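A, B, C and D are the chain letters, set down in written order, and residue numbers restart from 1 in every chain.
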Amino acid sequence: MAGFDKVVASYEEALAGLTDNMTVIAGGFGLCGIPENLISEIKRKGTKGLTLVSNNCGVDDFGLGVLLPNRQIKKIIASYVGENAEFERQMMAGELEVELTPQGTLAEKMRAGGAGIPAFFTATGVGTPVAEGKEVRSFNGRDYILEEALIGDFAIVKAWKADRYGNLIFRKTARNFNPLAATAGKITVVEVEEIVEVGSLDPDQIHTPGIYVDRLIQGTFEKRIEQRTTRPADPHKVKGA
Amino acid sequence: MALSREQIAQRVAQELKDGYYVNLGIGIPTLVANYIPQDIEVMLQSENGLLGMGQFPTIDEIDADLINAGKQTVTMVKGASVFDSAESFAMIRGGHVDLTVLGAFEVDANGNIASYMIPGKLIKGMGGAMDLVAGAENIIVTMTHASKHGVSKLLKNCTLPLTGRGCIKKVLTDLAFMEIKDGKFHLLERAPGVSVEEIIQLTEGELVVNGDIAEMKL
Amino acid sequence: MALSREQIAQRVAQELKDGYYVNLGIGIPTLVANYIPQDIEVMLQSENGLLGMGQFPTIDEIDADLINAGKQTVTMVKGASVFDSAESFAMIRGGHVDLTVLGAFEVDANGNIASYMIPGKLIKGMGGAMDLVAGAENIIVTMTHASKHGVSKLLKNCTLPLTGRGCIKKVLTDLAFMEIKDGKFHLLERAPGVSVEEIIQLTEGELVVNGDIAEMKL
Amino acid sequence: MAGFDKVVASYEEALAGLTDNMTVIAGGFGLCGIPENLISEIKRKGTKGLTLVSNNCGVDDFGLGVLLPNRQIKKIIASYVGENAEFERQMMAGELEVELTPQGTLAEKMRAGGAGIPAFFTATGVGTPVAEGKEVRSFNGRDYILEEALIGDFAIVKAWKADRYGNLIFRKTARNFNPLAATAGKITVVEVEEIVEVGSLDPDQIHTPGIYVDRLIQGTFEKRIEQRTTRPADPHKVKGA
């Protein structure tokens, strides 16, 4: 009896069943809160022809960018891309299909996919290239476009803590798209920094209930920072004081 | 003389009101945070999922899990809250943010804005900009009035792909503060030392000049 | 002999599988919780916003802030989580609940279900029932096969306002366990001591009887 | 300078500006997590012709039911009603308009209202009386109906804890519709059991960010229970052991 224990033994097992031409929804914003090791595992597996749904596509040597050199990505649905040279080259050469989607619409499309809402209206993108081919309808005198939900064959998610039942807690802005991606995968795979005892998380404080999680693994993370901006240390603070 | 980036930020900051929730875009808008008047409180929303963004961290405070929409490491103020991206854009799209400040390549007299794409050149994506311009009631666009070659960016009709249609009502450039209504730019203030004639010359869209136009106070 | 309410619950419980997230409706479905096989784990979802509903509280444990969808005081099991109503129905509508068990006034051979309204008599509302029948892939309806007067509730076409259209595939009554497909009821099992003839007689919708029909094991 | 301090001094002030014929969205499920004192204040004010959006309508002498005797409610949008005799009488007599809405659709309508989504498609209610007059559309071979968002002139909300900025935390299943109602009011008024210091709530654990909250007040609550179901005390537990 496995019950609700979602923990798997290896990253290989975590992504078992991921095959060519599938759609993968990934959490993360920039390099913050990305499922680093699950991405590495996709690279290792060499799965090809993937459609990726993610706000960004990483950088040259980190994040989803590592899937570019071996041409594992066929298409990406994202709001902001091109932080790396290989991405730009493939996009310009027509080797990589890019569907630019406003960030809020992208988030809502994931949520809708997970929530059984096939489509919704939004004012975002009305009158812009994003509206091309989409229905426009007026509600209370304002125009809105119809946007459809997104579902992934797999969702890959990074959380902070989890119990073995897959109840998740995220940390600070590493939350971002992760809880939404978690709801929108036919198979949702989550990697976390720490797995804690079932019952030790306050039921009122769980960000993602375990019902959305199929597989869970504990990993170690580099957590690379894109823009390391700082201020000088406060001069009023005396060391050791 | 044309305003510096800092001066633009300084003038925008005068539009802030006590208790405002504000979203500041990347570039000049980010600088606005440095000029918040001492006698009011505002709370900064960052669309990656943070309400109550604070200053940059000291080296000791750096936290890879705490960044803003520009992917810069930041801190949180007291009373901050963190949420997912759907909730963040529920706030934005639902009109809960009091003021949004963002940059643009072009704005036109119908309130259209182009800010995210130059075909064949810059196609990195719109990020949250389309949601921000569609969601906010109150938007200030900050931009340079014209290109280095003197080509106006305040147009009859935008030439670049739009970020939003008919959503911009206030524009602050290095030369002037303007309101957009009824298909026209209306000059409200001019940068110190900049003449009305100069502004008219560098504004392609119809510009309404009503009476004496005061200089900005910085 | 017709199954008692407890026996219906007992038979439904056999359909539970280890690791199932289950939503149990009000009435007989609630009783299913008492018959969960010892060797499996299931987690109960209550649509007011609780995953991991436990047994009733002792008098000392009563908490007005902790109720189920039937407004009864309950407890939470280890590993439970609480969420708002939109999240709760995201789970339900999004098909994340593995099994839903609920009652009905009528079910018909096309998988339609009527369970919430008797015009002029009972109009209290559908609560979460419409969402549950629309959202679940896997639904078992528990009901009595016929009225006290022998009028079938398994119909060619429902006569009452529908709760959902074409969404019911399995029905367990006090007399029989049936599957609905291709516009027909298919008899799977009969209650101990109840004859196939009796079931045929009390089923208005077309009933397919294929070979020997086994008695339920309880 | 008031800054972000949302605390008001009295229930009268909390509901200042609520006038006849407005729409009020209320949190709560049954009698659990209802804004008891805000409801009492509406009764005291005697505001009439209200359209109420709430999952239920209380009981005869508690919850929204107390607004029935003086005919303060013109219409209610709810999923389950009629737990009291006066409600049934007014409904049957046509004195009270009732718009029955499936519970999940009701929750989603509130969320949509708060999130700037004017309408969404859902499979809930297809082929039922709920679908009457609504557009039906097929996505991926399944029928869905179009449902529109709800917004209130006021939203009345009950939370557990708040800081003065209006950041809210709910307790157990008293959360229910409250966070959704909070987003969907033009003016959102919240009553809580405890107001804590700004900065004492973990930013990762706030259920409703203060941006949605306009007015905040601390109250005391009866928390009436509708179905007091219990089990016998565990015989293995020895008192005092």
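General remarks:
The rule is short, and it goes like this: a contact is a pair of C-beta atoms (placed from the backbone, for glycine too) under 8 Å apart; a residue touches a chain by one contact, two chains touch by 3 or more.
Chains and their UniProt names: A, B, C, D = Succinyl-CoA--3-ketoacid-CoA transferase.
Since we're looking at a predicted model, the values are computed, not measured.
Here the chain-to-chain distance from chain B to chain C, counted in touching steps, is 2.
Among the remaining chains, C is positioned farthest from chain B, on the basis of C-alpha centroids. Centre-to-centre separation between chain A and chain B, using Cα means, comes to 28 Å. The geometric centre of chain A is 36 Å away from that of chain C, both derived from CA atoms. In terms of their C-alpha centroids, the spacing between chain A and chain D amounts to 32 Å.
Each of residues 76, 82-83, 86, 89, 92-93, 135 in chain C touches at least two other chains. Shared interface positions of chain A, i.e. residues touching 2 or more other chains, are given as 108, 111, 115-117, 122-123, 170-172, 175, 203-204.
Annotation, chain-chain contacts: A-B, A-C, A-D, B-D, C-D (touch as defined at the top).
Put simply, chain D touches chain A in their complex at residues 108, 112, 115-123, 137, 139-140, 142, 144, 148, 169-172, 175, 203-205. Per the touch definition, chain A reaches chain B in the complex via residues 29-33, 55, 78-83, 91, 98, 100, 102-108, 110-111, 122-130, 160, 170-180, 207, 223-234.
The residues of chain C lying in touch with chain A in their complex are 18-19, 21, 39-41, 43, 45, 51-52, 76, 78-83, 86-87, 89-97, 135.
Those residues of chain B that touch chain A in the shared complex are 46-50, 55-60, 62-68, 70-74, 76, 82-86, 88-89, 92-93, 112, 117, 123-131, 134-135, 161-166.
Across the complex, chain A meets chain C through its residues 1-4, 111, 113-117, 163, 165, 167, 183, 198-199, 203-204, 206, 209-212.
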